[in-house]
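Sharing a structure with you now.
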Amino acid sequence: MDLWTDSILVFLALTSLLLLGSSRLFHCIRIVAFQGILLGLLTLVAHRGALSLRPLALATAIIGLKGVAFPWLLARVLRDAEVQREVEPLVSYTVSMLIGTLMLALSLWLSQRLPLPTTPIASLLVPVALFTILAGLFVIISRRKALNQVLGYLVLENGIYTFGVGLVQGTPMVVELGVLLDVFVAVFVMGIALFHINREFDHVDADRLVVLRDWTP
Amino acid sequence: MLLVLLAVALLLASACAALLTQKSYRWSTGCAVGGAVAASLLGMFPSVRILLGAPVESLRLPWSVPYGAFFVAVDALSAFFLVPIFVLSALAAVYGAEYLQTYRDRRALGPAWFFFNLLVASMVLVVIARNAVLFLVAWEVMALASFFLVTFEDEKESVRDAGWVYLVATHLGTAFLLALFILLGSTAGSPDFDQFSVAPSQAGLLFVLALVGFGAKAGFMPLHVWLPEAHPAAPSHVSALMSGVMIKTGIYGLVRTFTFLAQSAAPPPAWWGWLLCAVGLTSGIFGVLFALAQHDLKRLLAYHSVENIGIIALGLGVGLLGLSTGMPTLAALGFAGGLLHVLNHALFKGLLFLGAGAVAHAAGTREIDHLGGLLKRMPWTGLTFLIGAVAISGLPPLNGFVSELLIYLGAFHGLTAAASATAVSVLCVIGGLALIGGLAAACFTKAFGIVFLGEPRSDHAAQAHEPGLAMRLPMLLLAAGCVLIGLLAPLAVHALAPVLANVTGLSPQVVRTHVAPAGRIFPFVTAGGIGLLGVVAALAGVRSWLLSGRPVATNVTWDCGYTQPTPRMQYTASSFAQPLTDLFGILLQTRRRLVPPTGLFPRGASLATDTADVCAERLYAPVFLGIGRGLAALRWLQHGRVHLYVLYIALTLVVLLIWKLG
Amino acid sequence: MIAALLLLPVLAAVITFLLRPDAPRRVLLVATAFGHTAITAGTWVVQPASVLGGWLQLDGLGRLFLSITSALFLAAAVYSAGYLQRERRGAREDFEEGLLFANAPEPTFTSCLLLFLAAMTLVTVSHRFGLLWVAVEATTLASAPLIYFHRQHRSLEATWKYLMICSVGIALALLGNFFLAVAASDAGGAPVPLVLEQLINAAPHLHIAWLKAAFLLFLVGYGTKMGLAPLHTWLPDAHSEAPSVVSALLSGALLNCAFLGILRVQQVCVAAGEGPFGQELLVDFGLLSMALAAVFIVGQADYKRMLAYSSVEHMGILTLGVGIGGTATFGAMLHAVNHSLTKAMLFLVAGNILAVYQSKSTSEVRGVLRVLPVSGMLWVAGLFAITGSPPFAPFLSELTILKAALDQGRNLVAIAYLVFLALIFVGMMSIVLRMAQGVTERQPGTPEPALAIIPPAALGVLVLLLGLYIPAALQRVIEEAARALG
Amino acid sequence: MEAGLTFVLPLLLAPLLLGVINRTKAFVAGRTGQPLLQPYHDLLKLLRKGVVYSRTATWVFRAGPIVGLAAVLIATALVPLGGAPAAVGFPGDLILVAYLLGLMRFFTVLAALDTGSSFEGMGASREVTFSALAEPTLLLGLAAVARQTGSLSLSTMYAGINLATWTHVGPALALLAGALLIVFLTENARIPIDDPTTHLELTMIHEVMVLDHSGPDLAFILYGSALKLWLLGALLVGIIVPVRTGIIWIDMVSTLAGLFVLAVVTGLIESSMARWRLIRLPQLLAGAGALAALALALILR
């Protein structure tokens, strides 16, 4: 089993790293979708293989949402937006990758220092989760396209979720579903907002939404 | 007690009534003025009774706000401040009824009357409150009400600015008071005045807090900047009320704080007295100097309020010196002078502001240099204004002299009896008082002489007319008050004894023994005053006897051979004050714009001077500007880029994690 | 009872969304608000039974914040009934740039409003941390469309920032949930479920380091939603671009709900004996928020943004109060009430001014007292109230907090507090008085519709009365709430 | 009895001082000069004349001389003649005296302004300026005496000054005398501060103020200023001539002699030096203040 878990976790980390380096938006969406699927699998293996209904349902829900629904939604928005499909980062890809590796190192170091009261399902879990979180934040901060920020948010969410799945047992179903529902609605609303942004401005560059401010350079 | 509370209730009720009936000018004015007068009459009885030695009355009701209790009491000190409040409020209200008539078609006067009665009610509450929260609430309501009265003519830019300056000044002062009262209540754990106790280590801090917090309201230099702005801006009956009694609530608070501090820090350290004397001298001298340089009548009066507050502070300072050096006589005389001057200033400054209002009302301008010759057109206003002018210059036989004499006596007593350290400070008081007196006389000869005497300097002045009875009567009564207190000085001093007992913490008997010298002196003063009037009458008789059957010709003023004398050849206020303003030019920083006559046949030439407040311009304006700049420099934080906003979040999180857990 | 509180708005939301004609929809909105308030009032009398095995229950804190929310929503509902009536249909010109725009369909608006209420109610009653998180996130999602009511690009930008920033913040709060779970994972062997009461009981066994970390995450996460500096960045944009009635709810109710999230975990910290750890942070954030509010209030050019920053300031005061602790906690709870009432009133009045002057610029609005006598009066009164002048209620709460600070000998905190308050007073007054006084070419005495006046007026009267007298019942509720925080 | 005398003497002899001053000036100038009693003749003549009033003037103009004279008369009753006590004396009477003189000035100035003439206006302006500066000096001077003698009543204060005092704090008293001399000259409009003889040059202070007064009014003014001269002179001489034998007559006579010597000295000063420029007068008065302060410092030490 641990082989599975570890490999899934490694894939998770890799996808995040890949996201930092990929230049085309469709590509990014696909990566995030793949990450969603990985997350679903993780929920399955996280329960030590005890194939009960609960993890199955959860996994399907996760895969359905994060692996299929979101990517489809975002891809659609992107298709509607007749803008060039470049990521146009504020920080160049190479630098992003560099920072990514740094963040990976940081999260490894952190996970060494975190005293865990319970043993996680895999030693890799905490660093990968942290790294995914950091990567998500970094994408939000460093990318120009609004859509990219949604992706970043998703990655951040995934990271947090990874942490939860791997470390916290016995979160009630209702809460888990509620969380999922929230994330779904959040992304849905963001998608709608993106749609409107695109219609209003003919661009989806978040860094050009600077009308509202108290400071004029 | 109940009567006073009844008066407050009546004031509030009439205020609301005035607001509700504001559709009809007659009704709202009627309600407000009726309420104010009735309330004053109600309130006078208990106040006077307690001043004459009736026992202290207090009332304590639960009040469901944090630390709040409806705890009120009237002791001699409160009563002493209640009397001028009630008197002046009633008279100002009557005056205002006619004064505001000119505005009736321009605006609804309901709010004006509402805030007027609210102001009076809050002043009464301030003076009788015995609970910190109650006091502060009343204090702020007083500030707000007066602010809205100041900005009555808010269509004028200058009025709005004045109101703003006033609001800021009073609010910042209140911040100090918050700290003061909380600290006073913290050791005892109760915000009731009778529970207050002070840790000796804190006494000094508390004294300074009180000096700043109450000084901002009273108008001590350099916290006075709002006075010369607000008083001219307000309608005259309001200026009279504010300058006459409202700023005195600052003095009340200060004295009341002394009584708290006296319990713990007895005797008070000498530097309190020194500091207060220094403040008094600064306020007195600078106040009168700036007054000299003004040519707006009400602005001039406002600066005189600063001066008189200075004199009061001198009195209190001498009193504190007396307490700290263990010289009860010094203390008694100093406090007596300061407190009596509170009452006197209420009378004559109220009178003068009402007079100024009548002048502005009649001539349509407050610009002294455009007035003149009004005594012929407004004999009553002129006479009362003259009485006020003599009184405020501290000249016998009027009331101003009595209070200043008390301070002098205290100072001289300290001089002859005290060690040289104290003697030096009281010498400063003597010299300062003398200088202030001389300058004040100069300033009011100018004010009265230029405004009421000579020939009118403008058509406005020429068409001026005496106001109606409603405006004349209050002035007459106040003038009568000035004369009476001047002549009945011994009684006044006697009536002060319980108040002084309150302040100095000595028993009335002891106080009486210590003001005894003054008690022995004042009969002479009274005799002198009456004698003076007698001699004047006699001389007048002699003169008319001498002139009986002799030619009494009238002619133009001898004009040194000019064939076409015009009123514009008269001395103006500016030229009258010019020697003194030049002498102290370094302090006044007067700006003058001179267009000199040029050519062989010069056409136009003009000279305009204005003396802005040095403190406002050199001290506060730069500070406020600097703060504004500093804050503006930080605005880039809100630059509008959502990425960086998220970065803020991430950084905050990281910093916290490292700082708290790392 | 709790179920009723939750279901009533949800059902109403569904119905209003399907209801075509306008009039009944508005009636239903107001009716729901009344019903909700009525039930809430009922909870003052009878303690409602807990639902879902203690996941949903109403304790002192919850009752206080629920009551605030419900009262505010009532005012907002009445106001918005009139507001929606006044709003013109179809495309109209945007007064700032002259672009054409239309409003979002009214059913969406109304139902989102009701869902917003439901979500906030859920926040106040949920004792299960996960559920609390879900509820808070739900408030964000329900209110986002409200901010984008005016379909024009500025409000869209505001909505986007609101969504992005709050979602990220709240995601961190979710991480905080997990940390909390880790902290509770081996309290005496078995993991403790994340229900407030059980956590408090098991507090001594919690894993302190993780608890602290969880607190930090909650603080940053919900603090973003609450508008603590420097996480407040979404707040001025959203408040200035949303319809005033929505701004009123955001500022008066939503921020409090976010604050409740922080208070919940603080409760656990206190039980675990880590109270001071949280309080120190709260004091720091409080002062920082006040300072930052001062920076942006002085010389602010947009009066709705000014009000928004004032909300940042007051959230700072709340956290400061809780941070100081002791009697200041009571003061903070009282201040939560006072601030919500006052700020809601101010935003509603700002809406009236905006409707007449068609400008949010502080330099273009003049002579409100003459043009809109009632609104102008409320505007000035409200500003005096919000800056803490007697006889209005906020003065009492601010005084209480100051007194607590001084009594504890934290003089520097007290001085900073006073300085910031003074700065903000000066800044606000110089703006507001310029707006209120003076003359303008608009004709004086513009008629003011009753539905636009009654709600703010009612709130104003409430603020004044609370400044003069605090009813025993309210006192009890507030004390109960304060006791929950130790 | 003596008390009565100290009140009556000035009433009778005050104008004589003016006569003496004028005679001295004449003598120094080598003229015969007016008879000693000329001032009395002038007063009587004026009392018998009618008056001319300006149309501008009001009752204030008429009240001015009367109030002025009344005030100075009351003051006269309070001022001792060297060792001889004043008619009336009480602690603090020195303040009353100072302020009565202030009252006199106040009304003279108002009367001047009442004519609306620019000359009188100018005179009034200067009068208030310089007297405002002179007043602190006077009070500080008296304060010094009070501190020295430990009394607050002029009579006892001056009774307390004797040779012993001079041997103790001689320098202080000398400085004091200097200060009071300057005050004396200022308040009585003498050279070098003012020139009482000419009326029309714009350099005038006091004289130009009374330009429009005539008849009895002018008489009152002249008599009043004569009394003022006497009062301030007495305050000065009381310090310079410390003859306190206890035998009242000797003290009184010696002080009287001192007064007339002072008159002669004044005459000499007036004929020996020119009027100072107005600009410099404040310096002179400030100097006087400094002298008084110095005296105080010496006494306090």
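A, B, C and D label the chains in the order they appear, each numbered from 1.
The working rule: a contact is a pair of C-beta atoms (placed from the backbone, for glycine too) under 8 Å apart; a residue touches a chain by one contact, two chains touch by 3 or more.
Keep in mind that this is a model prediction, so the values were computed, not measured.
> Of the chains shown, whose Cα mean is nearest the mean of all protein Cα atoms?
Smallest offset from the overall C-alpha mean is found for B.
> Weigh B-D against A-C on C-beta contact pairs and write down the one with more.
So, comparing the two chain pairs, more contacts are at B-D.
> Using mean CA coordinates as chain centres, what's the chain B-chain D distance in Å?
Centres of chain B and chain D (C-alpha means) sit 36 Å apart.
> If you average the CA atoms of chain C and of chain D, how many Å lie between those two points?
Once rounded, the distance between the two centres reads 78 Å.
> Go ahead and note the Å separation of the Cα centroids belonging to chain A and chain C.
The computed centroid separation for chain A versus chain C comes out at 31 Å.
> I'd like to verify one number: the distance from the centre of chain A to the centre of chain B, where each centre is the average of its C-alpha atoms, in whole angstrom.
Their C-alpha centroids are separated by 70 Å.
> Spell out, as numbers or ranges, the residues of chain B touching 2 or more other chains.
635, 637-638, 642, 646, in rising order.
> Give the residues of chain A touching no fewer than two other chains, as numbers and ranges.
As it turns out, chain A has residues touching two or more other chains at 137, 140, 149, 206, 209, 211-212, 214.
> Indicate the residues of chain D shared as contacts by at least two other chains.
Residues: none.
> When you check every pair of chains, which ones turn out to touch?
According to the stated criterion, the contacting chain pairs are A-B, A-C, B-C, B-D.
> Quick check on the complex: what are the chain B residues that touch chain D?
372-373, 375-376, 386, 390, 393-396, 401, 405, 408-409, 412-413, 415-416, 420, 423-424, 427, 430-431, 433-435, 437-439, 441-442, 444-446, 448-450, 453-455, 517, 520-521, 524-525, 528, 531-532, 535-536, 539-540, 542-543, 546-547, 550-560, 567, 569-571, 575-580, 583
> Per the contact definition, I'd like the list of chain C residues that touch chain A in the complex.
128, 130-131, 133-134, 137-138, 140-141, 144-145, 148, 151-154, 156-161, 163-164, 167-168, 171-172, 174-175, 177-178, 181-183, 185-186, 191, 193, 207, 209-210, 236-237, 240-241, 296, 300, 305
> Looking at the complex, which residues from chain A come into contact with chain B?
Listed in rising order, the residues are 90, 137, 140-143, 149, 206-207, 209-215, 217.
> For the complex, which residues does chain B have touching chain C?
Touch list, chain B to chain C: 63-68, 133, 136-137, 139-141, 144, 151, 154-155, 157, 160, 163-164, 167-168, 171-172, 175, 178-179, 182-183, 185-186, 627-628, 631-632, 634-635, 637-638, 642, 645-646, 648-649, 652-653, 656-657, 660-661.
> Quick one: in the complex, what on chain A touches chain C?
115-118, 133, 137, 140, 146, 149, 153, 156-157, 160, 163-164, 167-172, 174-176, 178-179, 181-182, 185-186, 189-190, 193, 196-197, 200-201, 206, 209, 211-212, 214
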